[in-house]
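What follows is a single structure, written as structure tokens, with notes after it.
Per-chain numbering from 1; labels A, B, C, D, E and F assigned in written order.
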Amino acid sequence: MWSFFHKLGSPPWLYRITGSILRWLLPLTLIALAVGAVWGLLFTAPDFRQGNSYRIIYIHVPSAVVALAGYYVMAFAGAISLIWKMKMADVAMKSCAPVGAALTFIALVTGAIWGKPTWGTWWVWDARITSMLILLFLYLGVIALYEAFDNKEAAGKACAVLTLVGTVNIPIIYKSVDWWYSLHQPASIKFTGESSIDPSMLYPLLLMIGSFYALFTCALLMNMRLEILRRESRTGWVRKLVGA
Amino acid sequence: MSAPGLLAFCGRLLRRQLVLALRRPVDIGNPLLFFAMVVALFPLGLGPAPAALAGFAPGILWIIALLANLLTADNLFRGDFEDGSLEQLLLSPQPLYLSVLAYVLAQWLVTGLLLAVLSPLFALMLGLPGAAVPTLVASLLLGTAVLSLVGGIGAALTVGLKRGGMLIALLILPFYMPVLIFGSAAVQAVVGGMPAASHLAILGAMLCLSVALAPLAISAALRISIDA
Amino acid sequence: MYFDSLHAALAMEGHGPFVWGAYAITALVLLTLLVSPVLRARRLRRELAGDIRRREAAAGEGGYASRT
Amino acid sequence: MSVAGHSGAAVAAGSLLQARGLGLERGGRELFCDLSFAVRPGHLLQVEGANGAGKTSLLRILAGLSRYGFSGQVERAAPLLYLGHHSAVKAMLSPRENLAWHIAGEGSYRADEIDTALAQVGLYGYEDVPSHTLSAGQHRRVNLARLYLSRSPLWLLDEPFTAIDRDGVAALEALLVRHAQQGGAVVLTSHQRLSVSYPVARLDLRAGLKEGLSEGAHT
Amino acid sequence: MSAPGLLAFCGRLLRRQLVLALRRPVDIGNPLLFFAMVVALFPLGLGPAPAALAGFAPGILWIIALLANLLTADNLFRGDFEDGSLEQLLLSPQPLYLSVLAYVLAQWLVTGLLLAVLSPLFALMLGLPGAAVPTLVASLLLGTAVLSLVGGIGAALTVGLKRGGMLIALLILPFYMPVLIFGSAAVQAVVGGMPAASHLAILGAMLCLSVALAPLAISAALRISIDA
Amino acid sequence: MSVAGHSGAAVAAGSLLQARGLGLERGGRELFCDLSFAVRPGHLLQVEGANGAGKTSLLRILAGLSRYGFSGQVERAAPLLYLGHHSAVKAMLSPRENLAWHIAGEGSYRADEIDTALAQVGLYGYEDVPSHTLSAGQHRRVNLARLYLSRSPLWLLDEPFTAIDRDGVAALEALLVRHAQQGGAVVLTSHQRLSVSYPVARLDLRAGLKEGLSEGAHT
């Protein structure tokens, strides 16, 4: 166990192992995404209320779900980096942010596009939408803070502090936004309840959620490898790697 | 000839910060006038319909409180960072937790407290019903303290950066939002004839949480920033 | 396949632009997400290789001279 | 005196500060590497080197202000006083208020002690003007007044003579020697040679050596 | 080997200011995000009711433009004053009128122009009717330029003072108010089905006046401030 | 050479700068009064005085930056270059960008001239790093690089040697002498004596005298 932990902290080992993981995970992910998208777009029946526009669900819900989970992955990495002073945890945390931000962005944009045929408007200040917007701000804040530091080691620590503060706050933000909305607005707009979803629609959705998780992992690992190279650029193993 | 007590040190720090903030007599009047002017902006921008304004008065006052905090948060540590005072603070044998709390307290006294004390006047200007005023003051007192503490985290994280101006707003605005929601909801509840105790209790809980945790985050962030 | 023709699949009973637009944007974002680290890693490796060559070339000479 | 390099040894008894195997790389340039030394009571150590040699960086590491990006260890066995490039003098406060605040963390001082210290650095009569009206050298002197009140045995001073006139430099040199004689220690950087009749050890960073220390001579 | 032409010099100054503002890629994103966040504050404070928000949208966007200007006005000359660049500018043989205009232009490009370009997006989020969007953009383009010029006067007057923060707001807010009134009235006119040309014409006249006079005032103020 | 005091006379032919009856009172203290002198091509004038004697104030009056609160007149007959306590170096710009901007008002320079000037102050290899990563001395050097490109005959330099190492000071002194020999003139303040083989006139403000000028000697 401890030796595994030690290995995790070793950049060359991590660089090698992530390389071999990506070699099979990435193609698999791309195939799963393609299959899920084609399935959802062309091979399922339309929703009886929303018609064909509901097909957006196959990208909207997976991206929203994974974007939310991503923040907790990031916060977990941040906590490890602060508590055990593990540099590779820094790297993981830093690499989560752009991936999470991209997925949040997708959820927002697809949601807005979905809203036009469904609600007749691109944007409403609905609780979940608002909190998704705040999540985007949180991700972008981490990215901006990291980029603003010159000393990348200090940048990692600063971002770890920020994400930890964020973890304490995220439940508060979500609860308060939820509550804010129900205070003003007896829910007039409803998402389709998850329970009412037909199995024939559910399977491709589950496939897409799974592939988005895999995609998150792939993008995370690729970003981590880049960051490892950048931080370790002065060390012998990178010079050997690059020279070769 | 012994090292000074902890509280004595924090007291001195607090006094220094206040003296710095209020060096000239006009300095006390300035935030006051500033608030008055910004309050006047809203009717100008939103249109003078009195009924609509009264309904939105709690929200407007809360947004102003929030912006005033945002405006001043960046300066909390910047001056001290640039002239080297912050290094000295970090090197001093005194525990950083309390020093940091003194910084935040001083800032709160000249923004949050001042605004809370003045808010009845502005509430009047915007036509808020008199019954809601005590709740407004109470919610501002509790909420602006939370804002100052959270703003301190953002200030500490960005103080070492050459251009912190906008970045700090990005970092802390998401954390300001719950305070804004509960603060304005408390006042709106009273306007709507409902009790506001639960909202105030939540604000109080947020304050306890942030008094306990924010100084830790600020201290950690300062130690990192000094090395940026 | 649910749709009868390619045309029907593109139109989606009027919702086509929305659905296809959403998928297109998503594809675009995901593509940049996956391609940009690859490109940046490639550029970094090229820079590092150049750096190593420069250092080897400069190995004989002294470091920086502050004399004016 | 011996400011010899220690490597991998335990903290030498009685040393105020011990550096072991310090190495720093900045912007792709190695500033120093494997630098080891101990500072003991009575030491006066001048860090020398051209602009950009890494003197300030070294002092900040010794003081504990830099915590990332260097290799090696520093052990501090005594409270220290660090004066950096920035003077930590608030423009809106008077010299008296500034000094009172500077020493607030270290102990409780009487008002007349503060006034005496200000008079000693030549600021008699300037105690209550706002500091932003002071000249550049007077501004630095407010900060240097701390040295007259300090009870920390170890002083780390980064270019303390900046903007100080000739008389001021002489007075400051005398103060440093007095501090060392009384069992304190001083590590300072300066581009000027000290003209004191006390042994001054020199640490030359220009070379970036393993053993960068040379025995000082009476000057 | 001749002294550079006047316009070449101003071009260099403008480029320098823009490089300073946008040194890193994130720096372009920050003001943009800042606007988005502040837009989000208003529904949180005032409630999500679409109809009310749509009615307030012009006012809200205009208040944001004004606050963004206020937030950044103080920094227009402060950095250059503190590091001595401003002295050098005053000593340079180039005419101050144009240099000062370049400073203001650079600031406007990254606040006013950016906000105007983004405003359709925010208008959408707040539910402003699409027909009013062109007027909104036009009024913001004209109006924010006036705000930047007037803000420059305040910045120049207070740059020599050790604590300008709030004072500048007091000095310039009164001058901001007419701009706010005509700007938001222009948009509200279109929402109400009326023509906005006259409002826009007034904003344009204000802009002409301030382009002509503000640089003179700023130059004079800078020469005085450097001696404060 | 003659840096004698002129009083009430017309601008002496060929003088770059002429001060007549300058007097200044600051914070209730008279710093100098009725100070008159002319600076001609070839002059190297060192203003001396203790901290707070009024050297910076005098230079700012000569440069035309201070315009209120002093008595007397200054006549400037030639473009001047003033370097003050603040370095005017933007932290976020690189040395190359900083220098290019500093000289932008004076003339058009080629990119290689700028690089040469930076190399002359020892910043070769640092042209493109952000200036806030430079050391204190390197930071000042960015500013001093202007002197290598300047076409202004009159230089007013306020403590140009601050934070500069010994080699840098020597190089700078050589530059000042060269400038004076080529028909320029330099007025500078410094707490260090210049060690140049060129006549240096001294203006001692310590006394606050009517005739504060003493003839300089070869050192």
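Going forward, a contact is a pair of C-beta atoms (placed from the backbone, for glycine too) under 8 Å apart; a residue touches a chain by one contact, two chains touch by 3 or more.
Not measured: the values here are computed from a predicted model.
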Number of steps on the shortest touching-chain route linking chain A and chain B: 1
Contact-richer chain pair [A-C vs A-D]: A-C
Taking each chain's C-alpha mean as its centre, the one farthest from chain F: A
Most distant chain from chain E by Cα centroid: D
Euclidean distance of C-alpha centroids - chain C vs chain D, Å: 50
Centre-to-centre distance between chain E and chain A (centres being mean Cα positions), rounded to whole Å: 36
Touching two or more other chains - residues of chain A: 134, 137, 140, 144, 148, 150-151, 154, 157, 177, 180
Multi-chain contact residues (two or more partners), chain C: 64, 66-67
Chain D: positions in contact with at least two other chains: 50-53, 68-69, 85, 91-92
Sites on chain C touched by chain A in the complex: 1-3, 9, 12-16, 18-19, 21-23, 25-26, 29-30, 32-34, 37-38, 40-41, 44-45, 48-49, 51-52
Parts of chain A lying in touch with chain C, wherever the complex brings them together: 26, 33, 37, 41-46, 51-53, 55-56, 59-60, 63, 98-99, 102, 105-106, 109-110, 113-114, 116-117, 215, 218-219, 222-223, 225-226, 229-230, 233, 238-239, 242-243
Chain B contact footprint on chain D (complex, rising order): 63-69, 79-80, 82, 84-93, 97, 100-102, 104-108, 151
Residues of chain A touching chain E in the complex: 121-126, 130, 133-134, 137, 140, 143-144, 147-148, 177, 180-181, 184-185
Touching residues on chain D, where the partner in the complex is chain E: 91-92, 132
